[in-house]
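Following are the structures in question.
In the two assemblies presented below, chain A is common to both, partnered first by chain B and then by chain C.
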Partner chain A sequence: MVKIFINEMPVEIEEGTTVLKAAEKAGISIPHLCYHDAFPPEGSCRMCLVEIEGLPKLELACSTRVREGMKVFTKSEKVVEARKGVLEFLLAEHPLDCPICDKAGDCKLQDYYDEYGLFESQFSEHKEKRAKKVKIGKNLIHDQERCILCRRCVRFLREVIKTQELGVFERGIHSSVNIYDLTPVNNNYSGNLAQICPVGAITDLDFRFKTRAWFLEKGESICPLCSRGCSIIIEYHPGHYRFGVPRKVYRIHASKNQEVNGFWICDLGRYGYSYLNENRLDRIIVNREEWRLEPVWDIILKFLAQKLKRLEYRGKTSRIALILNSWLSNEELFLLHKIFKTDLNAEKVFFADPPQEEGDNFLLTPERSPNNRGAREMGFDIKPVHSKALAEETDLIVAFGSFLAEADLKGALGKIETKVLFTSHVSGLNSLFDIVLPTPLIAEKGGSLTNVDGRVQKFSAVLDPPGDSLPEWRMLAELGREAGINVSFYREFTSPEEIFEGIGKEISFFRVEK
Partner chain B sequence: MREKILTRYFGLENFFKIDEYLKQGGYQAVQKALQMKPDEILEEVKKANLRGRGGAGFPAGVKWGFVPKVDKPKYLCVNADEGEPGTFKDRYIISHNPHLLLEGIIITSYCVGIHSAYIYIRGEYEAVALRLEGAIAEAHEKGFLGKNILKSGFDLDVVVHRGAGAYICGEETALLESLEGKRGNPRLKPPFPASVGLFNCPTVINNVETVSNIPLVILNGADWFVGKGLPKDGGTRIFGVSGMVEKPGIYELPLGTSLKDIIFKHAGGMKKGKKLKAVIPGGMSAPVLKADEVDIKMDFDTLVEAGSMLGSAAVIVIDTGTSMLDVLKTVTKFYAHESCGQCTPCRIGTSWINKIVKRMAEGKGSKKDIDNILRLASNILGKTLCPLGDAAAMPILSIAKKFRKELEARL
Partner chain C sequence: MIKAIEYFLEIIRGVVITGRHFFVNMFFHTLKVLGIKTKRKGAVTIQYPEEKKKIAARHRSLHRLVPGENGKPRCVACMLCATVCPSECIYIEAAEDPDLEMQKYPAKFIIDIGRCCFCGFCVEACPEDAIRMDTAEVELAEYNRDDLVYDLDRLLR
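Then we have the complex of A and B:
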């Protein structure tokens, strides 16, 4: 540890840290454009210049390492003037088209001008004409006029993905980022380019012109589209009930998570968010009018609990079939295991997961659901749905999720007396079941998932679940209580955290070392 | 009478051929050096106070001393890019005395423990590069290069690499990038090339003239060498005089020779009917000196005190008939054209200033423009990634300050 002074404030910091990171830890932000935590310092934007006592020139905060007793000034007159100078240069050749720029609102150039600039332009020459709207990849549009040549995109493709589709062409004022020989950026991580671009040079066709950054709210979650468990930021418009504007997710960004995904997510996770917006089931459906069930959670759960109790009482629990999936959280799988395996000793337990596909040896795994590992650690034997075994001698089927193949079930379900489906989406399946209950998605509830490497990651609700949907863990705890087989056990569970603690008591894999 | 040490045999017929070179006592320095210990050579070079001839004037011995003793290949890169406008000394050295350079390369490599040396030569110097390659072949044949040089057990290969025409590749780290086959952009320092250089290995980078002085230091000793120049600044310097003088060309003179003498004595004075107005004393990036400032000693420290620099010792003489606005225009055009575009102040600043100056030259300027140029140049100075920013800002600032009246008169 060394002691340095930033703006005369003493800061204890590890040796070898850069001034930029040291300041960040002390709560002082130093503006920077080309520097990104994922790459070694580039030193080309010159925004992060700071004054260091005893040195004749201003030094780069991004690459200068701390020394014992170093005195750094990040807001001195000299520093502020230098920053203004750099901003003035950058803005001189900038098209200043913020009103029609998709990045407006989360553009670093805008932020810094607001902080340091607000000066009148002295630039009275002709700006260089450059190509605008160049399509450089399936979802990427590059505007060379807005580009500040920080080379984050070039470095990302060279150092992280190693596909090297982008390069800097020409030199001096004519320098521009472009693709080689009209070969577009074509990899499963291209969406990261729009996210790491600090200005409006690379914009995302998927997001472009659909909304404005400042209309959006954001929250952290975990990507459920493969078993990697990348940290993501969900950006959404909360909707407006008075005008009938529904809640809508507009984009997914990668969130920093050094242990799992670093700073990146794949395009599958980035662009595959429509499932959050479309065809959502928001109410309870009872297809059997003769049962005279009110579509209310309490009543339905009581009904289901009674069914379970009756089967248990008659010693017919072998006539229960369960279809699960790996989108369920650790907490939910634990409760399901408790109720159906431990308490009821159900034998017909199947998993309906999306089929495995090819992974890419970076982040994307072959398993296209987030909690396969969790299900296995919980003690489940992951078997695909066997429709013949499912249909034979079954009185009650409880199914979860939307990955069931409609065709496989059509014939099988007909003979079963009671069929209950928990699902987040409206689909053809809904008419095959007697009762359909709406459930939230990962982004809409709390819990934890176990990723492919066995890392347990907690998540909490970012979005409100639509309509009447209720998290599975809540209604399973309720069901456990109602079924009355082991009442006191389920009474404790009023939050995912409490359930997780319960898991730790029973399964060492989930035990948190204190 | 001035004594020439580097350029002594210039003009001798076929001197660039190894037979003639050997006849005049060539390769004796190598023979002597190979019998010395590397540390002794390093001491001698340090004692000689041989400062880098490329422009920055960094002592060569100190630079070699920075090379860490690690178990990695080490490289020598000889900078023959010679892009600084007004500079043409290296071209003369290589074409007239290529074997002296090779001797220097062998001794330097032996001293630092290098087995591969590269000569990065300016792309336009095609004939010079061919001559150099011929000399290398001759040296190989005579056993001065290759395996087991003069049965000393020391191996060395020299490769000539021709640049592709960018000024920035004369900057040492951009040179390394270019040599590695990449775009010639300067690297962020530290790490310095002495520890992380070519192919991430320790690398010594020296100018042609610097390396060519090494054999003289070894053969004649450090004291003799210091005696040829100044105590802190050993040896002679090759001044390349161009512009409005009677006899433009290269003049090898002791460091500390007066600029006035260089122009009026050695270079034959101003061209007939021309009057001295200004001098750029060390290549285009050096701040300009006015006519009344030319009575100055030409060495690193004195020029820095006077607010200029010795740089590559290329003296550009400007007469009263030349408009300083035109000089400024040439300067700004050059740097705007040669900026690599990597860092913001240099990329946009040089181009912006160039646009203003161009407009001024078209008669559409105003007094505000000169203030603006001064402000912009100060925003480049000291704030760029590599020295090119300073190289551009310094002459612009000096011209705009010292000749402001003249520039205003042209508005």
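Then we have the complex of A and C:
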């Protein structure tokens, strides 16, 4: 540990850290554009200049390492003046595009000009005209006018993905970022380029011109599209009800999580958000008119509890079939295990998951559902739906999710008396079941997931669930209580946290060390 | 009883005020007809809607989207007007323009005049001078709320 002084404030910091990181730790932000935590310092933007006592010139905070007794000034007159000068040079060739730039609103250059610049331009020359729309990848557009040559994109492809599609060509004023020999950036992590670009030079075709950054609300969640469990930021618009525009997710950004995904997410998770917007089921459907059930959860709950009670009374609980999936959270799987396996002894438990696909060796895993590991740790045996076993001697089927293959079920379902489906989407399955209950997705409820490495990650609701949908854990806890098999046990569960505590008491894997 | 008398007194006072205005104005109008110039003029009422008052140069009336040289709106769909609008009555959907100078154009531009408070912030916010409130149209009443929602076709002129 060394002791340094930043703006005369003493800071204790490990040896070898840079001044920028030390200042960040002390709560002082030093502006920087080219520096990114994931890469070694580059020092090309010159925004992070600071004054260090005893040195004649200003030094780069991003690459200067701390020394014992070092005195750093981040807001001295000299520094402020230098920052202004650097900004003036960066903006000398930067177009005044902000009104049509997708980055506007979370652009660092814009923020820094507002904070440290605010000068009148001294340049009377015209700005250089350059290519504004170079397609450099399947989803990426590069605007060479806006580029400030920080080389973050080049370094990302060189150091993280190691595919090296981008490089800086030409010299001096003509230098520009481009692809080699017309081979576009075509890897599964290309979307990260648009996110790490500090200005609007690389924009995402998927998000391009759709909306403005400041209209979007943000929330942190976990990506459910593979078993890695990357931290993501969901950016959505709550909707203009006056113009009949519903709530819509516009983009997904990677969130920082050193233990899982670092700073990155794959394109599958980044662009695969349409399931949040489209085809959502928002009301309870009862397809059997003769039952005279009102499509209200409280009534359905009583009906289902009655069914379970009757089956238990007659000792026919083995005639219950369950179809689960690994999109269910730990809490929900725990309740399902408790109600149907421990309390009711149901034997026919199947898992309907999206089929495995090829993973890559970085983040994407072959399993395309988020809680495979959790289901296994919970004590479930993951076996696919067997339609013959399902059809034989079954009175009640409770199915979850929309990954069931219709063809598998069609023949099997005919003979079953009561069929209940919990699903989040409108699909052909909905007409095959007697009762269809809408459920929220991972982004719309709270709970926890266990990723492929066995890391249990909690998440909370970012979006409001559509219509009548209730989280599965709530419906299951209420069902457990209402069925009256083990009332005192289910009574405690009124939030995912409480259920998680309950899991910890029973399964050592989920126990939180205190 | 006393209250009833007070009511009558108020009515009489009202009649006196109206009468005073009537006769004073009548007096000055008569003088004008007779050709006698006075410093004070009789009150004038415009016979709206047959007669209309001239609208001031810096008035704010119904919005319009200014067309550019090619007849398409100048608007680049930056959505600053929708951002600044205090009554949230502007809705824009942007689309990609093949013209590289423009890049972005409004595929949908909707103003709900029924909600608009005519503050003129949208005009001030516009970086392209594409929206103006200078149509001099101030009679915007409609029989139907939906008719108050103006789309691109009705706004572009």
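The criterion applied here is as follows: the second predicted complex is superposed on the first by the 510 of 514 C-alpha atoms of A that agree within 3 Å, B and C clash if a C-alpha of one lies under 4 Å from a C-alpha of the other, contacts with A are read in each partner's own complex, and residues count from 1 in each chain.
The rule is simple: a contact is a pair of C-beta atoms (placed from the backbone, for glycine too) under 8 Å apart; a residue touches a chain by one contact, two chains touch by 3 or more.
Not measured: the values here are computed from a predicted model.
Asker: According to the stated criteria, A:243 is in contact with first (chain B), second (chain C), both, or neither; which is it?
Answerer: After superposition on chain A, A:243 lies in contact with chain C alone.
Asker: Is A:57 contacted by the first partner chain B, the second partner chain C, both or neither?
Answerer: first
Asker: After lining up the shared chain so the two structures overlap, which partner does A:383 touch, if you call chain B first and chain C second: first, second, both or neither?
Answerer: neither
Asker: Look at the residues of chain A and decide whether chain B or chain C touches more of them.
Answerer: When the residues of chain A touched by each partner are counted, B comes out ahead.
Asker: Does chain B (first) or chain C (second) touch A:132, or do both, or does neither?
Answerer: A:132 sits against chain C, while chain B stays out of touch.
Asker: Identify the partner contact of A:209: answer first if only chain B is touched, second if only chain C is, both if each is, neither if none is.
Answerer: Only chain C; A:209 stays clear of chain B.
Asker: Output check: A:148 vs chain B and chain C. Expected answer is one of first, second, both, neither. What do you get?
Answerer: In the superposed model, A:148 contacts chain B only, not chain C.
Asker: Which holds for A:415: it touches chain B only (first), chain C only (second), both, or neither?
Answerer: In the superposed model, A:415 contacts neither chain B nor chain C.
Asker: State whether A:3 touches chain B only (first), chain C only (second), both chains, or neither.
Answerer: The answer is neither, since A:3 touches no partner chain.
Asker: Once the two structures are fitted together, what part of chain A is touched by chain B and by chain C alike?
Answerer: none
Asker: What does chain C use to touch chain A in their complex?
Answerer: The contact residues of chain C facing chain A are 76-80, 83, 88-89, 91, 94-96, 100, 103-104, 110, 112, 115, 127-128.
Asker: Chain C touches which residues of chain A in the complex?
Answerer: Residues in contact with chain C: 99-100, 132-133, 208-212, 214-215, 240, 242-243, 245.
Asker: Which of the residues in chain B end up touching chain A in this complex?
Answerer: Interface residues on the chain B side: 166, 168, 183, 188, 336-345, 347-352, 355-356, 359, 372, 375, 379, 382-385.
Asker: If we count contacts the way the header does, which residues on chain A are in touch with chain B in the complex?
Answerer: 41-47, 49, 56-58, 60, 63, 82, 85-86, 88-90, 92-93, 122-123, 125-126, 128, 148-149, 167-168, 170-175
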